[in-house]
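Read through the structure below, which is laid out as structure tokens, and then see the notes.
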Amino acid sequence: MAMLKEFTIRTGEQGFYNITQDVKDAIKESGVESGIAVVFCPHTTAGVTITENHDPDVGEDLLLGFERAFPDTPDFKHSQGNSYAHLRSSAMGCSVTVIVDEGWPLLGVWQAVYFCEFDGPRTREYYVKVMGDRMQVPFDDPDEKAARLDAEDEALLD
Amino acid sequence: MAMLKEFTIRTGEQGFYNITQDVKDAIKESGVESGIAVVFCPHTTAGVTITENHDPDVGEDLLLGFERAFPDTPDFKHSQGNSYAHLRSSAMGCSVTVIVDEGWPLLGVWQAVYFCEFDGPRTREYYVKVMGDRMQVPFDDPDEKAARLDAEDEALLD
Amino acid sequence: MAMLKEFTIRTGEQGFYNITQDVKDAIKESGVESGIAVVFCPHTTAGVTITENHDPDVGEDLLLGFERAFPDTPDFKHSQGNSYAHLRSSAMGCSVTVIVDEGWPLLGVWQAVYFCEFDGPRTREYYVKVMGDRMQVPFDDPDEKAARLDAEDEALLD
């Protein structure tokens, strides 16, 4: 019953890669019915986002928009010359958190999870971490606590 | 004892909508004292952020700043013509995670949670998912595990 | 066994501050082996991000990139005159979520967690919230539930 799953992807120079199926697989494998899934990119020149899943032009438009908002410039000091990619990665973010409901990512009908390559081509990894709920037991009142636990048991048996 | 709550909002053309009260209500209804709350927007031309709650001008300034950083352009290929809105949504992000402490969102005094409309007017949804803590039981040492569980029970009864 | 830890930092005018060690300390102190850690900034003119940890020039380049993408302008209306800082804070985001694995933040080898000051110098706070896993018990089938609980107990004793 894996809660943490690692995936590998081979990317091109720049691009958005739909990884929603991997998120669904990780949730299914975890057995979690209700909770959250965190998709995390362990690279500093790539990121993760959620956007439109239907028209592949959207991914290209987003890349163009990020190129123009965060262009390369000779004023950058970083010796490796890829600060523009660190910048886009940082602005995009390296993780997304998705709600899990009934064993499924609670995404909008047009949403998909994308791995964002800003400095490829490379072999990249990403992680999907799935966490299940726990009904909360208040710590201050033993009677309320007992009532809650009973309610939880009842819910479990429903 | 709802852990996942859906809200509906009617938006204007563009705008930031303070939804902090909904987050507080969802936390209260969940009964969670300590944990996290994930606010998730299931749309690809809208987003969620946390920013200043006092001066409504800040929301307008942020919209202007996003318009200028991520302008529309004839170079976008997406046939629906709203790539600028997908771009702003993706750059802003479609979720925020808030810490829950003593049954309350642990926001700074000037912070509020905002739904960000980049392509309205529309009827929009958003979700608030609340998750409670669980004290952690190490899986490698049965004695340490037993001691931890005892400590947890004691805490529960305090 | 703290699950929520508050830190204080004294910042300069603008800058990125590596706070990864604080995240590691909070995880260690929580006793959580497997779960997530949420790093949250309760300010509206500062943020949190994950980026390159090796070359300090990267932080300066990111600040420059953010200054150019989100410049100050006389068109901003906010009376306090620091909308550019709210804008950068909002675009960067005020939290990051890190996966915890074997009691350690699952960061890439080049990644570190940074506090981002966009409107200093100030004394700032940030929080690290650590949450541990819970194996998930399905709510629809009492037999499956019992089997899962047995499996969980067995795992706990392994």
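Labels for the chains are A, B and C, by order of writing; each one numbers its residues from 1.
Just so we're on the same page, a residue touches a chain if its C-beta (ideal position, glycine included) is under 8 Å from a C-beta of that chain, and two chains touch if they have at least 3 such contacts.
Remember, predicted model here, so these are calculated numbers, not experimental data.
Chain contacts in this assembly form a complete graph, since each chain touches every other chain. In the contact between subunit A and subunit C, the residue numbers used by both copies make up under half of all numbers at that interface. One inter-chain figure worth recording: subunit A and subunit C are separated by 14 Å, centre to centre, where each centre is the mean of the chain's CA atoms. Each of residues 34-35, 69, 91, 93, 97, 131, 133-134 in subunit C touches at least two other chains.
Contact residues on subunit A toward subunit B in their complex (touch as defined above): 34-36, 49-52, 55, 57-58, 60-62, 64-66, 68-69, 91-93, 96-99, 101, 106-111, 131, 133-140, 142, 145, 148, 151. Listed in rising order, the residues of subunit A touching subunit C in the complex are 1, 3-4, 30-35, 38, 40-44, 69-70, 73, 75-80, 83-84, 86-87, 89-91, 93-95, 97, 127, 129, 131-134, 155-158.
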